[in-house]
Each structure stands twice: as structure tokens, then as C-alpha cells.
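Should a chain be cited, it is by its letter among A, B, C and D, assigned in written order, with residues numbered from 1 in that chain.
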């Protein structure tokens, strides 16, 4: 059994980690920390865990965490980088679900996250945990930067075209729609039910932190600079991201459907739908799957990719467990085989 | 008082027409037809009208309709064109909220709507009822093709840039999101609450009937062919359309914010928000307003326009009443001054 | 024109007051205060008011408020009682939308609201503003305690039976369901979209502040003590209250339908539906109407009353305007004739 | 492995059975019938099953079904009774998720269901499949009448009090709220998103088919006639039932909390919350759990029980699998241990 610790388990990625890990046959939940809720049984906060998770929240404590085999950090940005050095030195693997290790360039990171980086020396070692892109680097890694939710949906959607250089990299558009749980479990006015329900809006058009993350990933795939326009929107549902991606083909002869089917043929968690399909976000609700469909409307040179994930699973906790499985030599799907919940 | 008839008042555009016209100081609801509900009081079907609308549905009857000053057709596509000649000959003005008279080219219409057109001779006379684009043609018109909901949001959003030729017309992207009422009040599985709630999906990516309508409008503005990619999505809210529009500036020096503010300065129903804004669909709920914001993320050459309307008001019944006001020489805002309902 | 001030206009009852008063032909919005938002244009916070309400929020200031003819207090509990004496002395009428003057017994008030009452001497003068119950007392009043949302729906629902003594007053059950806007526009976790959406729960079963308010009202109607069980629930919609009321008839021969129709025959804002009806909350959305239906399932001695209101209108701001109309000798429906928005 | 057939797998209870059975370690999905969809892969209709369920729908065929060990009937009422005799004669166990075998009195059944009963001789043999009430009868049964969703929540909620005779059985009130999936996957106007969203209403107050079912169950527990008022409501969520139950204690000295904890101490799927709790429906989303809380507001003689289930799981497919486990000698929780999905 893998001894697992969680730093900051009171948010939505925290409870989702708990749901997945409590059902994982090789994981043993050992420590879960919360500065604000120390002493409280986890199941008092999240009643879906009653009778199944007996742990109590404890104060953050690097000694207790150091006894784990792996620690997931499900905290706000800026926390994991405080613990990373100590945990790695103690031989603990660390998977950060926040953004501390996602950007390779610390200057870019500091610009977008508005704080100094506490351990820039680890940025080079950290592996960006998108298994479909760099599975072999994840397996031996000690430190994983678990990708953001939008970046997962967008990068998986663009990957086959961009890595082959088949589209005009200067004008890529990612129009993304997220359920409200992506904003986290913080008391804020704009995500109140009465504000976010029966409403739809864009946000962060002038600049969103996932833009440099996606851009870095696409540029690595393309091997050159890309021009990316990224517009996130808030949609009145709890879970789910729908990325609608637009690009212009440079080679109009390519069979895009076949390209995608081939690229993802061996992937357990990517499902390319048949031609003319439109994936629902609910078709992946509560599961670690990315479903996608590819289109060329009116047979033109614009390709449209539709890519959906559950932002809390493939966009956060599920992908983190997938990374854990890889790091510990388990079959990649271990503990991640629950069927999506529909309706 | 203007004597008003409505053909087919049992759908959502029908009940919205009733709500607006019952509160219009110059309109007198005279006839409302429904083949299926003849004899039933309108307020039995739509209890919000109890005590305010005493009319009963009657069988469609061109004689009764011919006694009206204006008739709104709120039926499925293909019905208004059956009544148009008779009503116009009787001196009745006709405003069609369906698509029968929206496309100038009958061959295109027949391809997209899958039926022969019953009165192609009226296509030239019909005026496309987007007042912000062609107010002066609407005033003397006898026959109005009331625009579709997506086409209203998209055309108003692109108008200032496209009519000035400031963007690359070969690659325009309209990523649109609609509330479920846009699908009408038909018993269908895919718009059931349990299917459409807590879910998000694109539809019609291979081809949607609003694509040729928008394309025709943009090409008229641009004075040349345009390349338009249009992707509609279904979002779990009742009312509202959010159009997110992407285009590449050909003149990077243009002040896009000022362009929009100037273009719409005199428009009662178009509200250009300050820079860096993000309009909510709920900010126009139940009102005849289009709110929009313009962005140039990271100061690049891609412009992003956010344009929101209530699909049942500015996207249907409200715009139809706005057209009626113009046709009868009333102030354009008569009966359309209700404030949006928020939250 | 009536000069109107609003204390605390940043919540949902505040914006609803603004929506209604901005459309009221006899009201002139003069002052609106907010400690936290002073200086900010009201329409910056509530974009539905753009172009229609030019006021800015100002610091609370009894001098400015004293120049008004009437002041609405839309603040949290405990604020209006700080302003009441000064405003009344200045000849200003005061309508409190919070609970400061709803309970006649200051000891009961202090127990349920957890603070000392600042002006117990005004409790006797304050008139409980339920027009259908005590219209004649409202007309000359200086100080109105505007009823709570649940109390409005429940009292109107029980009124005809209880004032006639036709039910067993010892066992009355009010099972009530509220939209989330009833919880106000405060940043709290339990009313986040991701918590309150796709979910249903009771709350406050051990005790809710509206229980003593309803009990006081029913006892005044009954002329004796009543046994009331009140269970509120949170339901995933923005606006609306549905009260389902249960009582046992003591006179099984009574024609309950006729009783209700007769009692409310002259009421502009109460609509008794035909037998066997089930009112939707949406049938009163954004309007000042209470719709109700009465049932005797299986012809037994248990009567079931279904009573719906929009919690922000008939349950708050609309009823407050109705009270203002009465206090200023205007027709009771002035400015309150908007049709409900459906769908 | 248990060979499993499903009759009528295209509704919500059908897809939920598929989700649960596809993850059940002892079940082998063998046949699934649908008159309308024969030939279509199940996963084409329900994309959450892609890659996990390879079956195609087939025409209903008693021979194919007779090769199964157990058949679930997830059809509309009136279908299972057509197959029952043939299947039982072939040695197949039958679990009917519709109502054909729920009422013991065929005259009552025919009155409420409006059709003649096709095999009244089996009514006596059929076991009402509420395991917490009659587990021992279920184990050897051949024919199970799986309880309705409301009846499950209400009977489990009242059970401890009613079977002990501690409340006035003449006046029991069950005020119940259901998510929209309870209405099934039928194309109907009243369950469209635009009708059911942001809305709340009661329905069936004059009479609902679950009333005689609940009454029969409570009378069996009580050993005498009961007076039950049952009011169902439609609430804008997909899954979940919340039953709020009211009764008057005849013995005011009883410790209701302890009574419930004791009664359900050994039950894997009933969770009695601590005093003063309010269960959320989402705390059981997608799981086979009934959570409940008991209250005595203000210490009076009225007891309020709050009981929540997922209508598609403990209220339908999950309970059916629980019954299957009992009938085949498996641990009762086999294949039913998924954690609820929250948020």
C-alpha cells in the first residue's frame, strides 16, 4: 500500500482526491492537513465520505507528511513550493495540483502569480504531469506539476495537430467553458448560486494564468512560438470543461479524424468520438476521461476540435492519481475505472 | 391603438410577444391563433398572463388576421410564407419571427430549410429587421424578416469592424452559447432538464441554419465574401445568448473601443461596456438590450468581442416589437423599457 | 413625485427596489447609501441598471436621508432601528425590509435576533406591512415592518382558514422551499453555486427566525395560541418561494375553494387558482403576485394549500413598494404592474 | 458470474442499472432489450458507457431473456407483468423496477394504474423489495417488486416510529421533493429544461400513484389503517429525493434519535446523522445510501424526519442490485460501494 498525504484537503480538488483515493486499492490515506479545520473529521465537512474516510484534518506538519510515500498538494498557489524541498529530501514524492511548478520560466511565473518563487531550483526537475504527452518522464519523477484544468483540455485537444505542425501556429483560438467548481470552494460573491446560475459570461479575457501554461505546452509541442488567444467562460454547471478549439490547416489534405484516432489509440483516458460527434461534458462527469471530436465545417480549412473533461478529475484529482500510478509502477488505470455518472 | 394578431402563440417567442405586447401602450392584442389549442384561454397555458390577457387561442383564419394592422408570425419555419401574400394584399403588415424571409437567395434557403419556398417573389421585398443596420428600410416596410437569435448577437458584434473593413474577413470565428429556450417549447429528449442541466455541449458544428444567415449579413456589411466559422453551444440556462467573436485586425492602429462606442452612440438598445468588461447574459435578461465589450488580449492583433442578448427579446420578440414601432412611426423604445431582471 | 431614499442598496432586495422604483411613475430615487461602496455608481455594481439609474452610492447620512419623503431600509437586521427615531422625527416615513420591527414582543425579538433592541418604544407604533391583512393600518402609518418572505407566503396561505377558525390551530405545518436569493448577496460557502446547485436540503429545523414572526401573525388572526411547525428548505433556483401548508379542518363541510376566492376577490396581488391547480413559482417571477391553490386530497379532512411568491418582490421589495403606495395615497398597483417573466 | 438481462434499457433507470452492473464484480450483462432501439449499441445512446459496455439493444425476446439468471425490468408500468410468468417458469428471477407487483390488492392497482392486471396470481408471491424491512423474504424470492423512489424515502423515514406505534397514525404528512430524472427520459413539455429549471411546483396533490404504495407499506408496519397526506414536488435538480416527514408523537418521552440509530445500526445503506443535522441530497448522489436526520422542533410533540436518497440508485437501480445481491447470496454491498459524487 502507498501511504498518501494530502496538504489542504478542504477544497473541491481535496474532496475529489479523497473520493478517488478512498476507492483506490493501493492507496492508504494517512495524513490530511488543513490549517483552518484541524481536529475536525473529514467526513463532517464532506458527508459523502461518512463511514468511508475516518481521518481527521491535522495541522500542516512536514514530519507527518514525510512519513508518506507520496504527498498531494491541493492548496492555493504558493504553498507547495514551501514544502517541496523538505518532502523531496525526505524521499517523499510530491504531486502539486496548484501552479507552483507548472511554468519553467520563473520570471513568467512571478509575473502571472504575483509573488516570488520559493524554490526556482526545482523548476527544472519538476515534470509537467500530462501523461499523454510525457509518460516516460513522469514514471521516474519525484516532483510533478499537475496540469491546470483548462490546459489539460486544450493541450490534449490541440496536441495531434500541433506536434505534427499541421496548423498555422500563429493563430490558435481556445474558447473554453468551465463549470463553477473550477473557481474553488471559496466564499466569493461572483460564484454564488444567485450570481452564477442562469447566467453565462466570459472572464479574464485580458489575461488568465492558464494562458502562459497552455502557450508553454503548445510551444514545446510545436517547437516554435505560437499565437494563442484563450478566452475562458463561466457556465452554470458544477463540473466540466468544454474546450472549443479553432485552427487553420496548413495541409488541407490531412485526414484529421484518422490523425486523432491514431494518436490516441493506446490511451486509456482519451476517447476520440466518431465523425460529426459533439461530446457532452456530462459524458465524463466524475471520470478521468477526455472525450473529443474533430470537425471541418463545410469542408473548409478551419478545423474545430471539441474537447471535454471533468475539471475536478482529468483536470485535477484524477490526473494526479494517474500520475501517482505511473510513478509507483501501477497500471495507469488503477482506481480510476469508475464509469461517468449520467444523467 | 395598433390592432395586433399573432400566428402560433404557444411557443416561447409567442408568450414573450404576449408579455411585451400586453404591456405596450399602443398595441391591442386582437387575435392569437393556434391550431392545437383553439378555444383555450391563453392564460390557461401561460399562467403569468392570468388576469392580464383575456384572449383565447383561435384556429388560424386569414380573415380574422386580415382585420389586424400588423401580424406577428411566431410559428415554425414554413408557415408565414403561406399567409404572407394574403395578409399583405389585405394591407396588413407582417413580421415573421421564423426564417421564411431571412435569406435573399431562395436556392440557399431551400437547401438549408429542406422545403420549397412558397413565395419567392416576396424575398426581394422583405426587409431584414435588424434596426441598427437598416432602420430606414424598416420604417416603410410591409414585410419584415425578424433576425435569428444567434445572427442578432453575432452581426451586432461584428458590425463596426466588418463594415469598415478593419479585419481579415477570410477568417472570422463566432463561438456562440445559447440558453435552452432557444430550442423552443417542443417536447424533445435532448432539451429535457435531466439532459441539458449540469451539462454543456456544442451542436450543429457541421452546419447550422444560422450560418448562411450570418454569412449573408456579414457579406452585405463587408461588400465581399467572408469566411465564417460558427459554432453554437447549448448552455444550461433558460434565456440568453453569449457570442464570443474572434477576428484578426488588418489595421493594428485602430481604437476598437472608440469605434464601437461611436458606432452605437445613438442606439437605445446597444450598450458598449467600458474597456476590460465582461457582459453577463443576465444583465439583459427579459430586456431588449444587446451589451457588448471589446478586447485585444495582450495587445495583439486578435480582437475579441463579447456580445450578449436575451434570445427571446432582442433575439426574437423584443426586436419584433422594435420593428413594429419603427413601422408605425412610434418611438423605437415604446413598450420596451422594462429593466432587465437581475438576479 | 415622492423623494425616495434607500439605506443599504447593495443586496438583492436593494437591487430589486431599484428595479421597481426606477420604473415607478411617482418615485424619484434620491439617495442610496452603502458603507462599503460609497462613491461607486450603482449601475457599476448592477449592470442591468446601466443607462437607467445614474445615482452613486453614498455614505449613510441621516441628513441626506431626512430630505426624503420615504426611506426603505434594505440592510441586515439591526440597522434600521438605529435610524428610525431620527428619520421619523424629521417627518420621513420608514419602511424596514429587515426584521427590526416585525415582532411586537421585544424579549422574543432579542432572543431570536441575538442583540438588544435599540428602540423598543417604536415597536407598538410599527405596522406589520401585509396589506391583505391590515391595509387600513398601513395607510396612515409612519413606520412599516415589511414582512419576511416566508411569512408572506405562509400567512397569506393560511389566512382565510385561520381567521375563520376552521382548522385545528394546534397542528399547523408549513413546509417551505426558497430560492437561493433569499439567503442574500453575501459571500458564504453554503450558497455557492457548486454547493447549492443540483442539491436540495432543509435548514433551520430546530429554529428559524421566521417561525416566531409567522406564529405571531397566525395567533393574531386566530385570536389564540397556535401550534406551528415550520421547515424551510433551500432549492436550486434563484427566485421564488413555494409554501406547502397542511392543516386539519374542524368543519368538514366548508367549501375551501370558495372561501379563498371570496376572501381574496378584491385583492390585486393575490390570485386563487381554479380547483386541482398547482402554481409554479415561475408564474410569479419578477412580479408582486401571490398565487395559490387549495386541495383536500382524497376528500379527507386535511387541507393542503400551495402558495407561491417571488421572494424578492411580494416577499420583499414589491411588497415594500405596495406599502409605499398605500402610505402615499396612490393606487396600490402603481409601478407594480409588470408581468411575470416566463420562461 | 450471474447472467443478467434488462428489459427496456433506454430510460434513466436503465442506464443507471447499466452503470452499476457494468461495475459489479459478479454480474455479466448478457441481454438488453429495447423495442425502439434494437440493433443500436448501448454506448451510442449513453456515451458514458463507451468502451465499457459493448452490448447492443435487441428486440424483446423471452427466449434470450430466459437464458439469464436474473432479469431486471426497467420498462413503463404494465410490461413486466407480460413477461413474468414465462420468465419465472424458465427459472429466471425477475426484479421489476416498475409498479406491476407493488400493490397487493389488484383492485387498488387497477384503479391507480388504469389497466387490468395481467397476472394477479403472482401478486401474492411477489416480495416488496425494501431490504431494510423484509430482507429475509427477499433472499429466497423469485419475483421482486422494487419499491418506488418516493416510497423508499418515505417508508425508511417513518419506519422506526410507525412499526413501534409511537406516532398518531391518523395524521402523517409526507412532503416530498424530487429531482426531474424521476419523471423519466420521455419527451414531454413539462420536464423541458426551460420549464423545470429555476422553478418549483407541487404536482399530483389530488392523487399520486405512490400514495397507495406508501400507505400499504405504512399500514403493514403499523398493523392498522393510517391517514397519510402525500404531496410530491418537482425541484430543479437532476437526481435526488428529499422527504420531509411530519408526525405527532403519542409518547413524548421517546428518544427519537436513539430509536433511529438503533433501528438502522446494522444497515449498510442507511445513515442516521447526528442530532440537529440536515442531509443534502447531493451527499448521496450516485450512491445507494439513504441518509436521514430526526428533529423535534422546539421540543414539541411534532417529530420531523428528513430522509434523502438518490432516486435513481436507492430509489431504483441501486436497490434493485441490492435485492439481486440478497437473492444470489452475495454480500449485500457487492458492486454498490461507490462513494457519492460531491460536489
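What to note about this one:
Criterion: a residue touches a chain if its C-beta (ideal position, glycine included) is under 8 Å from a C-beta of that chain, and two chains touch if they have at least 3 such contacts.
If you're wondering where the values come from, they're calculated on a predicted model, not measured in any experiment.
Comparing the centres of all chains, each the average of its CA atoms, the largest separation from chain D belongs to B.
When chain B is laid over chain C using CA atoms, the rotation angle comes to 180 degrees (nearest 5). One finds 37 Å separating the Cα centroids of chain B and chain C.
One simple way to say how far apart two chains are is to compare their mean CA positions; for chain A and chain B this gives 39 Å. Measuring from the averaged C-alpha position of chain A to that of chain C gives a distance of 45 Å.
Multi-chain contact residues of chain B (touching two or more other chains): 12, 179, 181, 185, 194-195, 197-198, 236-239, 279-280, 282, 285, 343. On chain A, the positions that touch chain C within their shared complex are 12, 179-181, 183, 185-189, 191-198, 236-238.
Residues 171, 173, 175, 177, 179, 194-195, 197-203, 205-207, 211, 227, 229-231, 233, 235-240, 242, 244, 246, 248, 276, 278-282, 285, 293, 295, 297-298, 300, 302, 304, 306, 308, 343 of chain C are the ones touching chain D in the complex. If you check the complex, the residues on chain D that touch chain A are 12, 15, 19, 22-23, 46-52, 181, 185, 197-198, 238-239, 271, 273, 279-280, 282-287, 291, 337-343.
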